[in-house]
Structure formats: C-alpha cells, structure tokens
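First chain written, first letter: the chains are A, B and C, and each begins at residue 1.
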Amino acid sequence: MSSNEQYSGNALLELRDVHVAYPARRRGGSVARAVDGVQLILQPGEIVALVGESGCGKTTLARAILGLQQLSQGTIQFDGESIPTDAAGKKLFRRQVQIVFQDPTASLNPRQSVYEIVAEGLRIHGNSENEHKIVSAALERCGLHPADRYMLRYPHELSGGQRQRVVIAGAMVLEPRLLIADEPVSSLDASVRGEILKLLQDLARDKNMAVLVVTHDLGLPWNIADRIAVMYLGRIVEIGTTEDVLARPKHPYTRALLSVVHEHLQLEQQILKGDTPDPTSIARGCRFNPRCPMVQSGEAERLGILQKCLNDDPVLPNKQNNDHVAACHALNF
Amino acid sequence: MSIEAVQVSPRQMTWLRRRRALLRVWRELRHDRSGFTGLLLLVFFGVVAAAAPLIADRSELLAAAGRNNPDLAAPSAKFLLGTDDIGRSVLSQLVWGSRVSLFIGLLATVVAVVIGSTVGLISGYVKGRVGSLLLAIDDFFLVVPFLPLAIVLAVILGRSPVTLALVIGFTSWAGSARLVRAQVLSLSERGYVERARALGANSRHVILRHVLPGVAPLIIANATLIVPGAILTESTLSFLGFGDRLSPSWGKLLDGAQSSGSITLNAWWYYLPPGICIITVVLAFTLFGRALERIFDPRLAGR
Amino acid sequence: MIDSPVLKVRDLYVTYQSSFGPVPAVRGVDLDIALGETLGLAGESGCGKSTLAMALLRLVPPATQISGSILLDGQSVLTMKPGQLRLVRWAQASIVFQGAQHVLNPVQRIGSQIDEAIQLHHGSTSSTVREMLALVGLSDGCADDYPHELSGGQKQRVMIAMALSCNPLLIIADEPTTALDVMVQAQILQLLDNIKRERGLSMLFITHDLSVLSHNTDRVAVMYAGRIVEVGPAEELLRGSIHPYSRALAESFPIIGDPKSRHQPKGLAGDPPDPNSLPSGCPFHPRCNVAIDSCKSIDIKLSAVTKSIDRQVACVHANDESRSVK
C-alpha cells in the first residue's frame, strides 16, 4: 500500500528546526511559541497529514511554508533551495505551492464569478493564453461538469462542496507541486467530505503533487494520507506511515488521541485532563509531561525516566523518511 | 438550469453582471420613497443648472444690468422673484447661482473623496509607520475646527470657485477616510484576500481586484452625503464674504440679501428663494445618499 | 421501558415561514425516548434536526406551524398554556446548545448565571451553585469568573450545570461538543455520560458527527430531509446501516484500521436537499446509488424491518436479503 519507491530522489520540501514565535499580546506577557522546532520532509507526490489539536501550531506551520508567516528561526527549503525573498522568485515559488482553506465560503470573493475566481491565479501570473480552456479543464477535473454551467455562477449560488471544488480548481490551474490543505473538509457536510478527499487524493496521484493536509481528525489521514505527523505544542511528537502511527502509536499523546476517537484498536479510553495546552507556557522538560498518562500513572517513575521527562526535552530521532519515530523518553528503553 | 446561455464570454459576463447590479440598485431605489424623491429633486436642480443660459442671460448678473430696474421690487410678471438692491433679477441670479453652488459642491466632494479614499485605503491596508502617520493626520483633520481653517485657506488661496472647491474638499475628507479605512480593514481580513496572496498576488492586485470593488459602493454612498456639507460650507463662506464676487452662488445671494437689509425691509423674495434652494438641495442629496447607503450596506449586501 | 416513554412524539410537522414561503423543516416524525435512555439524532445541515429539538419545547419563531403531538412525561407540550410551558422548559426538559459562548451573558459572573437558572424555577429539588459546579467538574472559584475567563470546554460545562440545575427528566443536547477539540470533546461526552447514569436522565443527543454516537447512545435515529429514515440500536445501526443514506453517512466516518476504508474516502455525490424544494418521491433518490424507478414517485414510510424488531427503515430495499446487515 505505501509506495516505498516514491521516496527515492530529492525531497520536495524540507523544514529544518522551524520556529515561529508570536510576540506577547500584552506588555509583560509571554511569547507564544506557536511552532517550536519542527523538522519535516515531504517527497514529491506524497500525502502527509499534520494532525493535532487547536493551538498545536499546525495552521501556523502551514502558513509558514506558504511564506505567509515569518520564521523566527530555522530554514524551509523547497526543491533543494531556500524560499526566495525577492519579488520575482517569491512569485515563482507561490505558483508551485498552493493552499486550500478550511472555509470555502470565506475564501471566495462574493463579487466574482466562478470563472474569474478560477482564472485569478492565471491572471496574477500573466498566463492568459488559453485561459478559457485551462479554467474549463480545471473545473471539469475538480468534478464541476459541464464546466460551462458553473463558470458564470456566483459563490452564493453553489453548495459548500461545490465551493470547495472551485477553490481547489483555482489552485490547480497553476499546476502546483505542493498543495497545502488546511482542514479542507471540516466545514462541509459529512456526506460531501468523502468526495472532496477523493478528489484531493486523485489529484495528488495524477499530477504527482505532494499534499500536506492539516487536520484535527484522525479518520481523514486513514482515508488519504501516506504518512502522519502528530503535532503537540509546536513540535512534531510522532511521525511515520499512516498504518504504523495509527495501528501502533508510540507516543503517549498519539495513543490518547486515538483512544478517544475510535474503538477499533480497542485502546482503553485515556481522556487527558485539562484544557487545550497553551503555547505561551510550554512546560520544562518534555512538553507533554503535565498531561502525560505515563507520568501521572507512575509508569515513568517505574521505568526510571521521570527525571528525564521533567528536565530533558526529548528529540524526535532523525531517521529515514518512512521510519516511524516518536519523541518520548520511554521509547529509549 | 440551461437558461444561462453557454456561449457567453467572461468579458460579456462582467458587463452582464454590472448591468444586473445597476438594475438592482435602480429597482431598489424606485421602491425607496424618500431616496427616489431626493433623486427627482436632484434631477430638477441639475436640469435648471444645465439650462441656465436658456432661462436667463448671463449679462443680467452684471451690476450694470439692474441700472434701469427698480431696486428691491416685489415679484411681478417681469421679475418673477423680484429684484435685488441694485435692480437685478433675483431669479436670474438664483438660476445662475445653482450652477456655482452645485459646481463647487460636486468638485469639493470629488476632492474630498479622492483624498479621503486614498488616505483610508492606504492607512487601512498598510500597517506600520505609514499607516499610523496617515491615521494621525486623519485625526487632526477630524478634530480641527474646519470653518476657521477654510476661511484662512480661502483668504490665502484666493476666491475663485475652483479654489473655493479645493479648500472645502481639503477640509472635509477626514470622515470618509475613517469610513473607508474601517471597511478596508475588514475586507483585508477576508479569506479571499488571503487566497489571492497565496496565489501569488501583490498588493496592487489585491487592492484593485478585491479591496476597491468592496469599498466602492461605500465610497459612492458616502460621496453623496459629502455634497450637501460642501454646498453648505460654500454658502457659509460666501455668506461670510469669502465668496467670489463675479460668480454669485446661493450663499453670495444670501450675503447680498443680508447686507442690503432685505430682512428688515421685508424683501422676502431676496433672501427666501436662495435659502429654500440650499435647504432643498442639501435635503435631496441627503435623502438620496441615505438611500444609496441602505442599498449598498455591507451588512446587507453580503453577496 | 417503551410503555412509559419520557418523550413521545407522533407525526410531528414543523413548517417555517420564510420570505420564499412555507418551509417544511420537519415532515412527520415519530420518536420515543424511554426513561434513562439516550437517543442519538444524526443528520446533516438542513435536515431538520435542530428544528425538531427546538419544536419539542416550542422554542420556534412565532409564525411557525407545529402539528402532531409531543408528550413530555405524559403532558402535551403543544396544547400547554405559556405559563406551564415555561415551567416545563428547564424543570422537565432543558437544552444544552452548541455555542456556549453565545448563550452565556458576557457581563455576568458564572455563579449568578447558574443561580438565575435555579431561581427561575425555585422548586424543592433545586440545588446550590456550588453543588452544580462540582457536579460538572468545575472548582468553586469559577463562580466568580466571567465567561471570557473560561475555556470553551469549561463554558460548555457551565451550560450543562445550568441545564441540570432544575433536575430535568430529559436533556436535549444540540451539538454539545461540535466546536470543541477532540480531547475536550471526549471530556464533555464522558461528563454527560456520567451525569446521565448517576441521575437516570434521558437524553436526546443531536449531532452531525456519527462517530460520537457509537458509545454515547443507546439508539440512533438518522434524519434526512425532515424525516427519520432509519432508527435502531446504536451499534447495530452504525456498523450495519440498512438505509443507503445512513450507510453513506457512516462510511464518511472511516474506522481507523479497517483496510476497506484505507485510501478509499467515501462520500455521496450531490448535496443535501434544500428544504424549500425537495425532490419528488423519496427525497434521497437523486443521490441514491440503489434507487429504482418507483423511488422517483413513491415516498416510502418508515416501517419495521422483518429481521429485527428494534429497527425501522424508510427504503424500498429495507427487506431485501442482498442488502442485509453485514
């Protein structure tokens, strides 16, 4: 199922030690470390899901990759090169990396027709030859056929699913090599979600386009992702192929997340106490230790790693692409 | 479903859409009684101003024109609105005055709207030092007592209708800048602006394609509401004696009526008509502008 | 248990008045909730599930027409006088809404808002603010907080405390966990489950997310276009839906680890119907992959299936052997 051969060749996207910090809101407040040291490699054509709760930094990371968010530290390389800073280079880069937002209704200008929306990218990049043909093909490819019937409509005349298809078509006209999908289906009706996910999966396969799906839903990666990265408080705490991570979760956080969303693994429900963690006050040592079931149950102490958990920040082992790794002290036993 | 013809090019589509939008505005305006009344009044004054040469000869405005006429004569068949203190027809002055008043009002509005929208657009769109500086300038013009400022400027710059319009425009843009800025701030947070950025759009594209079309209706409605203010300011300045002696406006007429003592002499035909005209035009613009505002209201015009 | 249901709804129709004319939001619904039972009501936006919930307590806009019968603990809600109706709301049945932040008064302390709910219905069974906070797992200190000082999950706990303050028989939970994070959602579900069990409450749990229904409800009803299309025991219905719509809905929530859904996202073509213009016949037929010609004209009523006494389905294929439970 997971195609190992596609991991040969150069990485499409490589994040090294990426940090994004928001300045304190109030004087004397703390800095929010939204993304706090992320390593991630994306190969051409693969679908990677970035999973986490709200506030874990997954959306900030997506925006940083798009260049819509300044890094405070670290590097992002696309196709082996740093993201350009000059206007022309930036434009070229933007063309290759596109995004699909969570709320299709907000991402469409109500005053523009479907045609204008889909053609917008082409016009920005000064590619007006065959505009009509390209727009038409993109709409059809995204399941809006016959395209002529949809081109002249306005967003308010479309359903939520159709609007998301228009957004995807608008991204596809530029033939991106990386598509970032930020919660692409969470604002859609359940029965419509599958069709949109299928479209994303098919597009990735047909165009050899890499897709980074940002989501809070663990069922979504099972449906379409090749690999999963689980984020907690600005860090990737576990990464591996979808099968590995979801069937044999290593990190206690992943285990807890999985235990509350489905019963297939027959994991005992482990409901973590407390609220969604706050990026302005990240714990010393392992960032998960205040909520970690292993620390709370005394298991960490039995294993003799409690001091490490409380004092040392565990590092995600840097191994091969397909490897299943997690940042937890308990794994080194 | 198939009513929308298949063979419509996007360009035709754009025109079709604009026509449809205009038709919608027209339809809603027809049903807005006060707004439509305002529009009819404006059309009336517009026609009078345009047809001024047909109604009265310009030479009648010259001081010499009244030499052979009775001074401060009551309305009669020859002088429908009587004569002023030097024997000139009040009606002729009123008709020609509508030109000056409307011209100054409209030109001042154009000036105010251009400055106001530009400042509003930039201060709303550009964050950081430029934005805050413009905001501070805007604040200054909002709170500075504008009549003394306008008087000072009028004295320094001269008194032709054009300079008067520039002076008025220059002192009355602050409110619309505020309005435009608020709308720009809200528009630039929209998802479609972020989408355009992600597509690779520069600020020029974002402003021209997404922000301006969003604020345009607001600017139009706001402009209609600036005109009456400008006309009133012009009247005030003229009445206070800062108007242009050679091209009499309604305010100038009032000034003449006042200084000639027409009120104590009970020569109502001299001071009442310009007063009524000013009030009516101001009211008409306000009614029309409020109606446009209702029709273009961003809270209602979500689509 | 079914002999004396806490809630008994028969042939309920709710029709809104909109600028486009009457909108039939609920079109002939029968429901029973027994004492201590939790019924899950699942459906997508516009299917009428929230309208149904509000109609149960007559919390609908004035021009709305409601017909049929609603018996809450044996009393007819639709014929009640307004004064009696006010007593019934909260004291017998109370609602936990989706967006707690919009329901709580932002300038009033939490404690006094809970107290208000208690005072409004000063029954002998009412309890103190402190007890209510403890019940939903909040500390005493929260009573002095304002809503904005609480997290989303805490606010939802406050809503639950308010709903419980008059010791109702029935809780109507309308998407109580939708805006919350996975982990907080699990906390709230667990809390509702515990309270329900301790107090023997009945609950109507409304959601668009089938995945939360499997271990929180006894029975599940699936709604489509203003009608219930399938009802049955939760586990049975979610794992082996008979109606093609409930099957598709269940498939949109993949079971992690199931090879059948790996790289196989499933969904329905088309969109949920607009209540203003419902398709003819069975309203699901335009999206149905097993529709036959008669579906376009004949609307099948919800009826018991032959192989299970607990289940009812509204589909021509309901009793086909080939389409049986997996």
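In this section, contacts are C-beta pairs under 8 Å (C-beta built on N, C-alpha and C of every residue); 3 or more make two chains touch, one makes a residue touch a chain.
Keep in mind it's a predicted model, so treat the numbers as computed, not measured.
Chemist: Comparing centres built from CA atoms, which chain ends up most distant from chain B?
Modeler: For chain B, the chain whose C-alpha mean is farthest off is C.
Chemist: If I average the Cα coordinates per chain and compare with the overall Cα mean, which chain comes out closest?
Modeler: Taking the mean of C-alpha atoms per chain, the most central one is A.
Chemist: In whole angstrom, what separates the CA-based centres of chain A and chain B?
Modeler: Spacing between the chain centres: roughly 52 Å.
Chemist: Express in whole angstrom the distance between the two chain centres, defined as the mean CA positions of chain B and chain C.
Modeler: Each chain reduced to its C-alpha mean, chain B and chain C end up 56 Å apart.
Chemist: Counting only Cα atoms for the centres, state how far chain A is from chain C in Å.
Modeler: 32
Chemist: If you look at chain C, which of its residues touch at least two other chains?
Modeler: Residues of chain C never touch two or more of the other chains.
Chemist: Under the stated contact criterion, what part of chain B meets chain A in this complex?
Modeler: So the residues of chain B in touch with chain A come to 1-2, 4, 6, 8-10, 13-14, 17, 190-192, 194-202, 205, 209-210, 213-214, 302-303.
Chemist: Going by the contact rule at the top, pick out the chain A residues touching chain C in the complex.
Modeler: The touching residues are 1, 53-54, 159-162, 189-198, 201, 216, 218-219, 222-224, 242-243, 246-247, 256-258, 260-265, 269, 271-273, 275-276.
Chemist: Show me the residue ranges of chain C that touch chain A in the complex, using the header's touch definition.
Modeler: Interface residues on the chain C side: 44-45, 151, 153-154, 181-187, 190, 208-211, 214-215, 245, 248-249, 251-258, 261-269, 271-272, 287.
Chemist: State the interface residues of chain A toward chain B in the complex, per the touch definition above.
Modeler: 66, 68, 87, 90-91, 94-95, 98-99, 101, 103, 105-113, 115-116, 119-121, 124-125, 132, 148-149, 151-156, 167, 170-171, 174
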